[in-house]
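Below, subunit A partners subunit B and then partners subunit C, in two separate complexes.
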Partner chain A sequence: MSVRTPKKTREFGPGFFGALASSPFGLLMLFGFVAPLLCVVWFGFMPPKTFELLQVPTLQNYEVIFNQTYFKSILWSLGLAAVTVAILLVICYPLAFALAKIFKGGASFVTYAIATSLFVSENIRLFGWVIGFMKNGVVGGTLAKLLGVQVDSLLYNVPVIILGMVYVYLPFMLFPLTLGVKMVPDQVREAAFDLGANRWQVFKKIDLPLSMPGVLIGSLLVFVLSVGAISEAKILGGQKVVTIASDIESEFTYAQNWPLGSALSTLFIALTAIVVFFALGRFDLEKLLGKKSNE
Partner chain B sequence: MIVSRTQKAGFSLYAGLVLLVFYFPILCIIVASLSKRRFFSFPYAAEDMTLKWYADALQSPQVADFVGVSLRIGAVTAVASVAIGFFSALAYARYRWRGRQTFQRLVLLPLFFPQSVLGLALLMWFNFLDLTTAWWTAAIAHTVWIAPITTLIISIQAYGLDESLEEAARDMGASRWQILSKITLPLLMPGMISATCFAVLLSWGNFALSLFTTGADSALPEWLYARMTSGYQPMVPAVGVLNVIVAIVLVIVLFGIVRWTGRKARRAAPSH
Partner chain C sequence: MDESAAPILEVASVTKRFGKFTAVNDVSFKIRDGEFFTLVGPSGSGKTTLLRILVGMEKPTTGELRLRGEIINDLPPNRRPTCMVFQSLALFPHMTVGKNVEFPLTIRGASESDRRTRAWELLKLLHLDPNRYYDKNVSQCSGGERQRVALARALAYDPEILFFDEPLSALDARLRKMLQKELKDIQRSTKKTFCYVTHSLEEAMVMSDRVAILRAGVIEQIGMPDEIYASPKNAFVAEFMGEVNLLDITALGGASATWDTGRKTVPLALPELPVPLEAGAKRKLLIRPESLRFLAAGEHAGNTVPVKILNEFSLGSRIQYHVEVCPGCTLTVERLREERTAAAAGVLGWELADSQVLES
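Up next, the complex of A and B:
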């Protein structure tokens, strides 16, 4: 009723409408995010190899995890993710700089060309590398034809897995970085140059600190996505490296041990959550989304 | 900023190189999809080229099934996540309320979350609720991941919303509901259209969530994955290329909408 009479609606503060407008999303998250996660955490305390949720909680699964070699796959995942982030920072910063400051019409072309890949399933794109690197594949065949060298399959090793991850997650680093570099005012850079700073000094003292929100968001996004990566190691890596995500997956599929898989997931979620909360607390999101200050 | 010609050339060269490497695998797939042989080997003779696998893919009822499942998931996901995203964008960018900053952070949480684990968590949750997983449970999973993205896209538009238009309508006696449907909704429409495209595209390409939540139904990326890991099959690259073409067409549509609304906004700008 109060919705119909405009004067009365003002008695609800804007806070009411904010909460109201956020409620569909809130409900979706409660049903599709919070509840499933609680479900996983709880399932981690169930006795091994059961599918029932209503039993006496136990710590057996965690004992199994700490007594076996699961820490290896956790370390592999963390290590691969860290290397991916480092390589992507080096590859993407110059490109982001070019997109934000140098190119004009070309910038949107590059942006769209890279963004398009986001919509093609990563499996298909990784499969392209398989065709490129397999025995008698595109790379091997070209080398044989041109140089007469016979190359065996270049697949199934750690560098190829890293290549796959760098490739798949490049857009997630590039776009936040570009937004970050856009935030660096040209006048500040020019002033620094006028005062006699060299390129390296400008990069270290001006560009990097002022584009830090982009650097942080990009790194965080890539880290979280690649730490949970599963296809790269499977499609390109064969059985060479087992990541934590594929460990978890096989507990749910082949081993049919849901409680153990849940306990592993819980550990994994806790690890990523620590990293994310630590980093998310450090910057202002609104600034990056293009709003100066709304207050 | 003053940019010298050599600087520009250098950066262009670098960007070109990155794009080349970036598109290398897709080129490989195209090359493989045109080869007649059952086992791919490169280089192959010109007379070994064929479009047979494309014809096979287009005629295969199996592939059509998977496309159908993918499209159904995409449609439901797009409608649900844009509807939710419209309201949450208002809460995110437009209304000033106490929980806003917390809300802005919470919106990002599902994006910063590994999808395979989210998919598994949802599988267990659906199992606990005694729901049989099928394409529509996958649509729920996709919505959980895509609604935050549509929220962000519509928020960018909502930040640029001219508040005085809403205020003018209120002063003239429009109700909250009238303002929302006659002023706010049309003004946010371009953002919602691009959000719809994004939602369909992201759902179309998603694998990690579908893998665990589609149950007996199977989405296209899942089928491709199963075929890829079980040995080479020449139809797989062809389906992959068709998939890429669909994505590119949708991106061109998206690009057109962005350009069109941008021009419209620029033309409308001097009037108020």
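Up next, the complex of A and C:
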């Protein structure tokens, strides 16, 4: 008996309890993420306009995609997302620096103010912009009344879509970036300055590389969210630009062509994954954090 | 150190205020070319603020800094020919040892081969084998190695004055002592001016040519370590120098005084003074632990006082005693181990010449 007892405790070691504790989440991921994803991938190989999963696989849907102009919507989505990320990086870095290093007590107020905007549904906020920018809306009407300038509708163009996306996804860039900037020790920045570097050199050689984890996480979050964005283009862009997400939506709804929608989704998920993994591979997080040697 | 050496940095009536708080109060001193100068003071004495002013990270509220006669008050740190080794060392965690050392050269636009040659030289000078360390990440280096990397990086900047913000304080005693000696050697061999800031007078004494002692934003005394040790200007400096006995005394006129132990007053004889104290003047009497000795029967000394031994601590060849004159009033005595037998008699004495009268 005395030999068995330690054996028993080893069976219920930390690994066992870890597995037990993570099993609810594991099950959720299995049924909520993995299973539907596999369904979508499989459905993409079913004959067009059918609703059966148990049929002979076919590549017809992919043929349709490559023979038609879906690539345009894909390019629009990727392009809009890339521009949004770029603009947000430029806007948010100084603000993140101020939040992390300068504002002190004021920082939490700004943080709450920005986080509060997330409490209101994205669509409601976008419709607010519509009221602002439509013909004789808040902006146009005010200008007409005060300056006598007649402004046509400011909606339904690409810049306003980008403006909407920048606005909606700002918190997702700002907060990771603020954490990233916080990771740069003040004395390290001072040391670089003391060793002769000017402000730009300090930024390029110290701030940027050391805050890169935040830059990367913020960029990835915004990219992944905005590449699948649908409301900005629809509400502010008024179908001027068709994103891939709205193509997929119409295949599943108006067109009732689930297999084609699934094939588009599969293709798009694969594309996004390639972009994301490429970015992650280029910037090794571990290396950036100094946990791995540069050999 | 040559007394007449030209000053490289002149600090003239520098004051720094943060709101109502005066961190540095009208401080003036000169650092001579090629010397090892140390600013020493307890925490809150304003030494770090003063250092930040000297390197340009803070601007003095009033006063002037002159580097070789030129006013440098408004010169930012990156345009000053001085640099600092930080307390945290502030190594660049995303760079290798080699890239850290090369940083100031990279900023100056030196060619890759020049940078590498110089970094190689400096790593050798600091006893870090370049073959092993050049490509090593700084996060993989030990505390002592990181110190050397920080020093190599600062030397690569080729500063006129190298400042140190007690970088050795985080190391264990043995390594700290070793690096103190090395630092002194490097200062001698490179002939650079070093300005070191520390809270440890012991550290200051080991390395420095001259020491300035700071209290509450004011320099109390400045001079060579031996000078300060031999004649501390006041009780604060004396106490800061290490374990000493400071007796509260009241002059009685002439060469006599009373020692107020808290419970009772003990009559004492004072050493000869250039100007005798007025009766009633309150002073401190400094007696070093090694100047106190136990008297055998029939022996005489300038002052004698009966004591009770409370504790003995072995310091190797010497023994430190804590003795009680009366409850609540203790003295520290340090004697050679051989003199132990005399302690039993319980009579303590010291020669008048071994005591000093100080302002409190």
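Just so we're on the same page, the second predicted complex is superposed on the first by the 265 of 295 C-alpha atoms of A that agree within 3 Å, B and C clash if a C-alpha of one lies under 4 Å from a C-alpha of the other, contacts with A are read in each partner's own complex, and residues count from 1 in each chain.
The criterion applied here is as follows: a contact is a pair of C-beta atoms (placed from the backbone, for glycine too) under 8 Å apart; a residue touches a chain by one contact, two chains touch by 3 or more.
Here the structure is a predicted model, which means the values were calculated and not measured.
Judged by the touch definition given at the top, the superposed model places A:263 against neither subunit B nor subunit C.
Looking at the shared chain after the overlay, A:96 reaches neither subunit B nor subunit C.
By the touch criterion defined above, A:65 reaches neither subunit B nor subunit C.
Once chain A of one complex is fitted onto chain A of the other, the partner contacts of A:81 are absent, as it touches neither subunit B nor subunit C.
By the touch criterion defined above, A:248 reaches subunit B but does not reach subunit C.
Once chain A of one complex is fitted onto chain A of the other, the partner contacts of A:125 are limited to subunit B, with no touch recorded for subunit C. Legend: residue contacts after superposition of the two complexes on their common chain; A:230 is shown touching subunit B, with no touch to subunit C.
By the touch criterion defined above, A:37 reaches subunit B but does not reach subunit C. Once the two complexes are overlaid on the shared chain, A:191 sits against subunit C while remaining clear of subunit B.
When the two complexes are overlaid, the chain among subunit B and subunit C that reaches more residues of subunit A is B.
Residues 190, 290-291, 294-295 of subunit A touch subunit B in one complex and subunit C in the other. For subunit A in complex with subunit C, the touching residues are 185, 187-188, 190-198, 201, 205-206, 209-210, 287-288, 290-295.
Within the complex formed with subunit A, the subunit B residues making contact are 1, 3, 7-8, 11-12, 14-15, 18-19, 21-29, 31-32, 40-43, 83-85, 87-88, 90-93, 95-100, 103-118, 120-125, 127-128, 140-141, 143-144, 147, 151-152, 155-156, 159, 170, 173-177, 201-202, 204-208, 212, 220-221, 224-225, 228-229, 236-237, 240, 243-244, 247-248, 250-251, 255.
Against subunit B, in their complex, subunit A makes its touches with residues 3-6, 9, 13-19, 21-25, 28-29, 32-33, 35-37, 39-40, 43, 51, 53, 91, 94-95, 97-99, 101-103, 106, 110, 112-132, 134, 136-138, 140-142, 145, 167, 170, 186, 189-190, 220-221, 224-225, 227-228, 230-231, 234-235, 245, 248-249, 252, 258, 261-262, 265, 268-269, 272, 276, 280, 285-286, 289-291, 294-295. Residues 55-57, 76-79, 83-84, 86-88, 90-96, 103-104, 106-108, 135-140, 153-154, 157 of subunit C touch subunit A in their complex.
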